[in-house]
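Each structure below appears as structure tokens.
The following pair of complexes shares a single chain, chain A, combined with chain B in the former and chain C in the latter.
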Partner chain A sequence: MYRSQQLALKYFIAAIALFGIMIVFGLLASAQYVHMGFLFQVLDFSITKTLHIDTMILWLLMGFMGCIYWFLPQELERDVEGIKLAEIMFYILCTAIATVAAVFIFVQYGGSNEFSMWFINQGRKYVEAPRWAAIGIVLVVLVFSYNIVATAIKAKKITGIMGVLMIDLVPLFALYLIAFPRITNMSVDLFWWWWLVHLWVEGTWEVLIGCIMALALMQLLGTARRIVETWLYIEVALVLGTGILGLGHHYFWIGTPEYWLAIGGLFSALEPLPLLGMVVHAVYDAGTHHMKTTNKPALYWMMAEAFGNFLGAGVFGFMMTLPQINLFSHGTQWTVSHGHFAFWGAYACGVLSVVYVALQKARGLEEMNGIRWKWSFGLLNFGMIGMVGALLISGIAQAFYERAIGGSTIQAFIDAQSNLWFLQGMNARLVFGVLFAIGYAVLVYDLLTIGGKHRTKQAAVLRPA
Partner chain B sequence: MNHPAFWRAGAISSTAVMAVVLIFLTIDSLSAIQAGGRNVPDYSVINKAIGYQFDAKRAASVPIIGGEELLFGRKYSAAEADRLMDHGKLAIQSRACINCHTFFGNGAYYAPDLTKAWLDPVWKQMWMPMTQSATKEEAMVKFLMNPEKYPTWGRMMPNLKLTREDSEAIVAYLKWMSAIDTNGFPSGFKTTESK
Partner chain C sequence: MSGYELIYASLLLGVFVLCAGGYGVLYTLAQLQNAASWLYGARTFYGLQWLTTAAIVATTPLAAGWKLLIVVSCLVTLRVPQVIWKYLELIHK
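== the complex of A and B ==
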């Protein structure tokens, strides 16, 4: 196995561990909706929710990095340049994450001063990490970028996928710099913050997962490079062609000019198109191979990624994106429903697919199958769909009673949160969350044990480390 | 069309065109949302009365800026208002308010949206008598400093150790925010201060 692939396995272990921590804090946060006063002034909702969301971002990011470190030496047929530095950065990143989490749990808040921004909590959704840790993330992304570019230069080989990946690294790095400044004006702050959140998640991340899925498809189904690269270009054209101005659907209500209602509405309505393309691509490829593969869990997770991305990000996003609907759905549990489904479908399933691809090689298994992965696949997806449905019911109740009827006052908020339909949805979300957590436990057990005694070390050795 | 190069050219050109359009729109939008721009008032608006009324022409509710209405019984100069807003935003970020509340609908959904919180009738109806305050802003400050003492329902706001200065700055910040033109969000907001 290449040294870079050994690093990839470490990234996958860290990512799956963070996935578990994300679930724990998600369950705590959802319990706080159901049991009033739960952990009040001990571990308040803002802390559990921050840890839930931030670990979600980080486990996916670490999962992506693991995927790239796994595929890169295979794609370029040589080990990764600067791998020693990459290994050091992995441990620095893990230490930084643990330190930030400890500060969030035990310190929680600082005073109204710059010290809090640098060392405790920046208080901006998704990018709460204090500035020192954000600098750490910048360094990690820089080393990651160096690894990819330097390896391609040394190998004197830039494939179509590598070209897309390398260009994608530029905005991936540059947009993160928005995590640093503290802007007094909330409208301006949110304007740039959406550049970071939307253009990262609905732009650079979509392209990144597109590259990863292209590499995985070639390995998993033996799809021809010409086909996956053509699809990758189509996806990039559609994702960025619709997604860049799709940014406008976040500019409806933050003080930005009225023309964003039309621009954001139109382009975000088009955003599901590339995701539909991915479904067509996945179904076509899997169909031509009659779903035959030596790695069933990886193929099923890849199919889940294609459908989940289209349904969760595409359909559920479109459902609430037109300004006429968004005026009422915006900022309710409806958004949470879409958010859960989209991140799960677009990214989490894709990372899990590659984890199984990597494990097959690492353990030298001729075939990946068994019963446990089916249980984890079923429980995780059933749990997620249940949560998404439950949150949608709560969200629609909130849109009706708080936004449409109540006019979004504080009392209207309280009335909607006390509404029976809303509460039923929140209770159901917790139940499905527990099912999801059980699915996660089965997943971890499967990842640790799949292959069992059939593992052969020889087959895992693609090249001596 | 069967050649990858065709689609590569499509990817590059569609991305480039959209990026250029976004840059032009960004330049215009930033000019509109600067404090004192087309949609966002200057920070000194905290010295004035603010309302929120339905505008039939725009088919949306819009902020109304009225005559002088002092905050905490004093008139803030432009420089003082700037400092107060900076302090308010710092207090909001350091306590991660956005991880329970929403601002313009952005944030977490555990606590009420704060876009028009300054205009909310609940301050006069509930918190002024509860905190035995003579003014709305005083009631807001007392609530922010000791929220656990003035609960309105089962889900309470934790004590975030906000000082008097922090709380006044946050109240001023919310007053300024309520004067921003948000294209009618939230819709049908029932304020007692619309006229």
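== the complex of A and C ==
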């Protein structure tokens, strides 16, 4: 195994640990919806929610980095350039995350001044990390980019996938810089902030996961490079073609000109088309191979990625993206429902698929199968579908009672929060959240033990008489 | 838009995309297994998508521009799985 792949395994361990922390804070936040006073002034909702969202971004980011560090030496047939620096950065990133989390939990608040911005909380949703940590993230991404570009240059080999990946590194790095400016006009601030949030997620991350899935497909199903690369180009063109201006659906109600209603609505409405293409491709690939593979969990998670992305981003997104609907639905649990499902389908399932691909090779297993991964696959997906269904009910209740009937007044907001449909939705979300957490526990157990018997047998065979 | 119109229109929009997905999946399965039953299923889903489109156009208060977009999307959806299938076959040869 290459040194870079050993680093990838560390990234996967950190990512799965953060996934667990994300679930814990998600459960706490959902419990706070059901029991309003739960942990009040000890660990407030604002903190549990922040930690839930930030760990979600970080576990996926670390998962992506793990995937790239895993596949890069295989793709370029040499170890990663600057691997020592990458290893140092991994520990710096872990330390920074732990420190920021500790500050969020134990300090929580600060005044609205330079000190709190640098050391407690920047105060911007999704990029709450204090400025010192944000600079750290920039450094980590810079080193990550250096690793990829320098390795390709040293190897004198730039494949189609590598070309797409290297181009993607530019916006991946540049867009994060939007976390830094201090803009006092809220509309202008939100205008640029959405570049970071939307274009990272529906631009650079989509391309990144496309590259990762292309590399995984070659390893998992032995699909020819020519095929995955051609498909990658098409998917990237379609996703970016619809996704970049799909940014407009965030500009509907933040004080931007009215033409964004048409642009955002039109391009968002086109976004399901490439997702439909992905589903057709997934069924084609699985069908031509008759679902036969030596790594069943990886294949199933990959299939879940295509279908989850279509349902979460495509179906749930389209339900609420046209401006006339979005006027009522934005910022309610309806959006939360769409967000959960889309992130799960588009990214989380893909990362989990590659984790199984990596484990198969790391443990030298000819075949990956068993019963536990099926339980975790079932519980996690069932839990997620239950959660997003429950959130959808709560969100629709909010849009109906608070916005459409109540006219978005403060009293209407309070009334909707105590509406039975809303409350039952939030209760159901907590129950399905617990199921999801059980699925996670089974997943961790499976990841730790899968192939254990095989390894014991192998060790017995290798042991000298 | 009233509350009931909001829920009705958004659910129809969700069903619209779901039907497109069902059509795409069943069309691909029909081609893979060369089975007429899957193809009937695919056509049923596409038919349902047209019914949903008709309901959106005729009964929701969405603006005319969005209704036109839905009709065009439904027309385009017919060709999406077919074009992708042909292309997939081409690059796999």
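Structural remarks
Throughout what follows, the second predicted complex is superposed on the first by the 455 of 465 C-alpha atoms of A that agree within 3 Å, B and C clash if a C-alpha of one lies under 4 Å from a C-alpha of the other, contacts with A are read in each partner's own complex, and residues count from 1 in each chain.
As a convention for this text, a contact is a pair of C-beta atoms (placed from the backbone, for glycine too) under 8 Å apart; a residue touches a chain by one contact, two chains touch by 3 or more.
Worth saying up front: this structure is predicted, and the values here are computed from it rather than measured.
When both complexes are superposed on chain A, chain B and chain C end up sitting side by side without clashing. By the document's definition of touching, of the two partners only chain B reaches A:Ile414; chain C does not. When the two complexes are overlaid on their common chain A, residue A:Tyr33 makes contact with chain B while staying clear of chain C.
Legend: residue contacts after superposition of the two complexes on their common chain; A:Thr230 is shown touching both chain B and chain C. Measured by the number of chain A residues touched, the leading partner among chain B and chain C is B. In the superposed model, A:Ile396 makes contact with chain C only, not with chain B. In the superposed pair of complexes, A:Phe328 makes contact with chain B and with chain C alike. Once the two complexes are laid on top of each other via chain A, the angle at chain A between chain B and chain C, using C-alpha centres, comes to 90°, given in steps of 10.
In the superposed pair of complexes, A:Ser187 makes contact with chain B only, with no contact to chain C. In the superposed model, A:Tyr445 makes contact with neither chain B nor chain C.
Legend: residue contacts after superposition of the two complexes on their common chain; A:Val280 is shown touching chain C, with no touch to chain B. Within the superposed three-chain model, A:Gln122 lies in touch with chain B and out of touch with chain C [touch as defined at top]. Smallest inter-chain Cα distance, chain B versus chain C, after superposition on the shared chain: 6 Å. Across the superposed pair, chain B and chain C both touch chain A at residues 226, 230, 234, 327-328, 404.
The residues of chain C lying in touch with chain A in their complex are 1-3, 6-7, 9-11, 13-14, 16-18, 20-21, 24-25, 27-29, 32-33, 61-63, 65-66, 69, 73, 76-77, 80-81, 84-85, 87-88, 91-92.
Contact residues on chain B toward chain A in their complex (touch as defined above): 2-4, 7-8, 10-11, 14-15, 17-19, 21-22, 25-26, 28-30, 32-35, 38-40, 58, 82, 85-87, 89-100, 102-113, 115-117, 120-122, 148, 152-156, 158-161, 163, 166, 169, 173, 177, 180-191.
Of all residues in chain A, those touching chain B in their complex are 32-33, 36-37, 40-41, 44-47, 49-50, 109-114, 116-117, 120-125, 128, 160, 164, 182-191, 226, 229-230, 233-234, 236-238, 240-241, 244-245, 247, 250-261, 263, 323, 327-328, 330-333, 335-336, 398, 403-404, 406-411, 413-414, 417-418. Interface residues of chain A facing chain C in the complex, by the touch rule stated above, are 224, 226-227, 230-231, 234, 262, 265-266, 269-270, 272-273, 276-277, 279-281, 283-284, 287-288, 310-311, 314-316, 318-320, 322, 324-325, 327-329, 396, 399-401, 404-405.
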